[in-house]
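Each of the next two complexes has subunit A plus one more chain, namely subunit B in the first and subunit C in the second.
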Partner chain A sequence: MPLDFRRFNGPEDSVSYKIYTKDYLKTYDEQLKDLYDENGKRKDGRELNEARSMFARTDMVSQAKGSAYVELRKTKVVCSVFDPREIPHQNEFRQLGQLYCEVKFAPFSCPRKRRPYVPDVEEKALSVALRQALEPAVCRHFFPNYQIDVLIYILEHDGSCLAAAINAAGLALANAAVPMFDIITSCSVAVIGNKMFIDPTEIEEHIAKNSTEVNHGIITMSVLSQLKQISDFTQIGSMDVECVTKVMEVLLKECEIIVPNIQRILVVDVVKNFELKKHLEAETKKREEILKKKMDEWRSLLNGQ
Partner chain B sequence: MNLEEKIKEIGSICIPGMRLSLSNKDNVSGPGTYELKGYIYAALAGILKTEEDENTKANIISVESSRTPSVLPNTGDIVTAKVTVVNPRTVQCLILCVGPSVLVRMYKGILKKEDIKATEKDRVDPYKCFRPGDIILARVLPMTEIHWYQLSTAENELGVVIATAEGSPQGVSMVPISWSEMQCPKTLVKEPRKVARVIPENINQSLFPVHSKQDNHHTDK
Partner chain C sequence: MAGLLLSSTEKVFIVHGVQEDFRSDGRSNIDYRPMELETDVVSHASGSARLRLANTDILVGIKTEIDTPKPDKPDMGKIEFFVDCSANATPEFEGRGGENLASSISNTMQRAYHSSQAFDLKQLCIVEGKQCWKLYVDILILECGGNLFDAVSLATKAALFNTRIPLVKALLMDGGNVDLQLSDDPYDFKFLDVGSAPLLVTLCKIGEKCVVDPSAEEESCSVISLIVGITGNSKSYCADKGASNLSDVDIKCSTISMNGPGSLAPKTLKNAIHQGIIAAKVLDDSLGQALLRERRENINSMKSSYGFLK
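This part shows the complex of A and B:
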């Protein structure tokens, strides 16, 4: 890991304390058994096919044109969207606008290691995946030769980061009044052997990535709900075709389940903005009345002369 | 429930992807919507508005969002811009508003010497039409360069709207005295500008109504 020269780093041969904990020394089989108990319930009490409850809200970042915050129990993601700006270093004329997506983990977000300040390979891969998921959803012909910035900051990483990021980005884009073809929802599944963990936590994702079973890995899928189109499909790991098709069906259903929540948030957003507008208009009316009274006073003075 | 009452009061709320109506002669898609496979869908989260077009008698279906939509000025729009640099060949400006909506981020626009006036295009001096700091109304021309908007003020209604004379205190804007000259009310300095023919604000008329009795009164004094 590249050294951060602005901070005091420990001695060069220092080693993380975690390698001395009991958890680290467990074998793969023990870790796998830890994930779920005899009743089929996972470590946090969920069923294998139960997704986490999502909390989401728009208007989180005041400096951004549009923003959203999504929480999937412990996974916390903030997204900000800005107005179209000129694309730096562009020479050719393009009919469609671009989306500039940047995903960043906060240094304190991951449980296993500290994230560096410079975007590393994993963050760049997430940024590309996010961009591929959002491009079909945004009406890019409205801002040719310009780009819209979508910046994601992950405050805590407990699994399903990409799914949370796509949900947050969809909400933030709608909040920023960027023309979109449809609202976008996303969900992910971790596969270990013949078991499917819907909406995996960080431990489940870690084991799925490093498993040696025939079918192992993580699939994240994002869907445009009304148009019934899949906008992106990301797979990490190795799975055979039947497994992939089964997982896809499950994911399609899961993404449908999130849709009413997102719709409700957008409606509440519109209502809130409408109320704010009414309040501002009432205030301007009051001020105009005061101004009018003063002008009447002056007019009577002038006429009196 | 309180939320339900509020929703009923607002009218029809739309979110992106909602199917609004069929797309045919009677229903045309307006701003904030898009057309796909014979139907009109909403593209923004906002309030549904239907207006009737006078010429074609069709319903223009549009979605109005409380924030300025993240769109760029289109060809043919009238924009409000602030002049930054005046050259013998071009005038550079920053686009502040598109029509009635104020932009959050200003875009760069450029006005060529030939597009300033409709007549006598080659004998025009940009310095006699605009000065840095002026607020102008201009129309967007088809885009030729990537990040600069081509503008034109070659119409009577376009040109300088607000300008401050050199040496005058801030905030005192000049009053037009002809189509090519403006005068500062405080220092009485006259400066050449390409004035826009904007319909006068009602506010001035109601403050100082012109009555014949009043005029006689003043001339007596």
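This part shows the complex of A and C:
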């Protein structure tokens, strides 16, 4: 792990205090039992096939051309999109515009360890996955030889970070008036044995990744809803083909469900901007009237003299 | 992957050919080009392999070191992948140009080997909670002729098959510290169990169909490819004739990812995964046969080594 020389780093051999707590020593079976009770309800009261309700808003960051904030219960993600700018360090002309995506975890965002300021391997992998998901959605032929910056900051990580990031990026791009082919939505599923956890929390993701069951792992998928195209599909773990196919069907449905919510937010955004524009125009007219009156006054005074 | 200029007519020709399951060089959609593989080419590494697949040349070296296991996984060793895209491979990799591709390949390999069903890290444990083996898998891309993910995964599996782990002869437990004594005998080692290690198959979508092992011309007709990591079958890597008592393990997907600026329809994705599994099964079988044959020749001192001369 490259050290960040510009800041004070903790002693290198410091570990999280959590490895000394009773929770840490739980066996895999005990941890699994914790995840869901006899009624099939998960730790936070959801059903196995229930996604978290998403709260999303645009226009969060005033300095950015477009921005969005997405909250999936405890997972909180902010996205900013900036104006197209020239691609730095580039020699050749490119027919299509580029997307520069960067995902960053806040140092206090993860429950298991502190995130360093220097982007680590996981963040770079998420940035690549985000770019992979957004590229088919954006009309890149409208800004040849330019790049659009999409910057994601994860304030709190409680599972489904990539899905939340893709949703936020889609909203932010629309808010920034970047021409797009379709609305992009994303969802993820954790598989442990024969159980499918839709929209997993961080604990569920951790157990799914390190499980030794026959089928285990996490799948994240992002879909362009109207065009019915899958723009990104990432799987980690070990699953047989039937499981992968089943999860894909489930995810397609889940991504459809999010679309009306996104549409409503975008419409509210547009209506708000129209109202703002009308309001500003009315204000401008009023001020112009006042100015004209003053000008007339002074003119008559000058002429009078 | 120097810039290739194809006219639109040539592209149409390639697309039509793929539609009929008949590619420009006569292969079917799931045929690989001929490959050359040699293991044990680097003497200082614990295991190594060199693979040539058409114009792609990959060299993998594996180093073993002793390390402390992670606190939440005390009985598991570690494996880490590093990919080096040097400027020798293609002029696009000059400076930091190859960095993105290198990190993308190493991330995919790390994800593919993450599951314990793909590669069991428990075989790398020495003393639970105190000492374990750490494998550094260094992948060098000597020449880049397309289809890197497949070639890298094949060479890595071959190198892991070839890896010799020294045997621990004595252990001194002094309070909390462990003192190891490893055997001096170079023939005193154990091999790793890599039968189930995953192979990556890249499926390139051209028109409506997907092809395996695309050539450079075919790659320029495609906007999206799917990379599927499929666990291997341990049976093919077992030298005993009595290996038939090993049950046929179900093929599993250990990683799936997409690569490219395009998108896929759900049906194409499903078909592509099935296609990848068929291709991976055949590939895994052939690789197993080749590696077992090489190991037999090695034991009988019949193996002629070519190294980099060929």
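Operating definition for what follows: the second predicted complex is superposed on the first by the 281 of 305 C-alpha atoms of A that agree within 3 Å, B and C clash if a C-alpha of one lies under 4 Å from a C-alpha of the other, contacts with A are read in each partner's own complex, and residues count from 1 in each chain.
Please note the rule applied: a contact is a pair of C-beta atoms (placed from the backbone, for glycine too) under 8 Å apart; a residue touches a chain by one contact, two chains touch by 3 or more.
Since the structure is predicted, the reported quantities are computational estimates derived from the model, not experimental observations.
Engineer: Assess the superposed three-chain arrangement around subunit A: do subunit B and subunit C clash, or do they fit?
Structural biologist: Superposition result for subunit B and subunit C: fit.
Engineer: Looking at the overlay, does A:290 come into contact with subunit B only (first), subunit C only (second), both, or neither?
Structural biologist: Once the two structures are laid over each other on A, A:290 reaches no partner at all.
Engineer: According to the stated criteria, A:224 is in contact with first (subunit B), second (subunit C), both, or neither; which is it?
Structural biologist: A:224 sits against subunit B and subunit C alike.
Engineer: For the overlay on chain A, what angle lies at subunit A between subunit B and subunit C, C-alpha centres, nearest 10°?
Structural biologist: Reported to the nearest 10, the angle reads 110 degrees.
Engineer: Check the residue A:25 against both partner chains and state whether it touches subunit B (first), subunit C (second), both, or neither.
Structural biologist: Neither: A:25 stays clear of subunit B and subunit C.
Engineer: After superposition on the shared chain, which partner residues are touched by A:124: those of subunit B (first), subunit C (second), both, or neither?
Structural biologist: Second partner only.
Engineer: Is A:176 contacted by the first partner subunit B, the second partner subunit C, both or neither?
Structural biologist: In the superposition, A:176 touches subunit B alone.
Engineer: Determine, under the contact definition given at the top, whether A:282 touches first (subunit B), second (subunit C), both, or neither.
Structural biologist: After superposing on A, A:282 lies clear of both subunit B and subunit C.
Engineer: Using the superposition on chain A described above, determine whether A:266 touches subunit B (first), subunit C (second), both, or neither.
Structural biologist: After superposing on A, A:266 lies in contact with subunit B but is clear of subunit C.
Engineer: Taking the superposition as given, tell me the minimum C-alpha spacing from subunit B to subunit C, whole angstrom.
Structural biologist: Minimum C-alpha separation, subunit B to subunit C: 15 Å.
Engineer: Between subunit B and subunit C, which residues of subunit A are contacted by each of them?
Structural biologist: Residues 224, 227 of subunit A touch both subunit B and subunit C.
Engineer: Would you mind writing out the residues of subunit B in touch with subunit A in their complex?
Structural biologist: 3, 6-7, 10, 13, 15-19, 32, 34, 36, 41, 43-47, 65-72, 103-105, 143, 146-147, 206-208
Engineer: Flag every residue of subunit A that touches subunit C in the complex, lowest number first.
Structural biologist: Going by the criterion above, the answer is residues 15, 19, 24, 96, 121, 124-125, 128-129, 132, 135-136, 140, 209-210, 212, 214, 216-217, 219, 224, 227-241, 244-245, 248, 252.
Engineer: What does subunit C use to touch subunit A in their complex?
Structural biologist: Where subunit C meets subunit A, its residues are 71-73, 100, 103-104, 107, 110-111, 114-118, 226, 231, 250-266, 269-270, 273-274, 277.
Engineer: Which of the residues in subunit A end up touching subunit B in this complex?
Structural biologist: 65-66, 82-87, 90-93, 139, 142-146, 148, 174-183, 224-227, 263, 266-271, 273-277, 295, 298-299, 302
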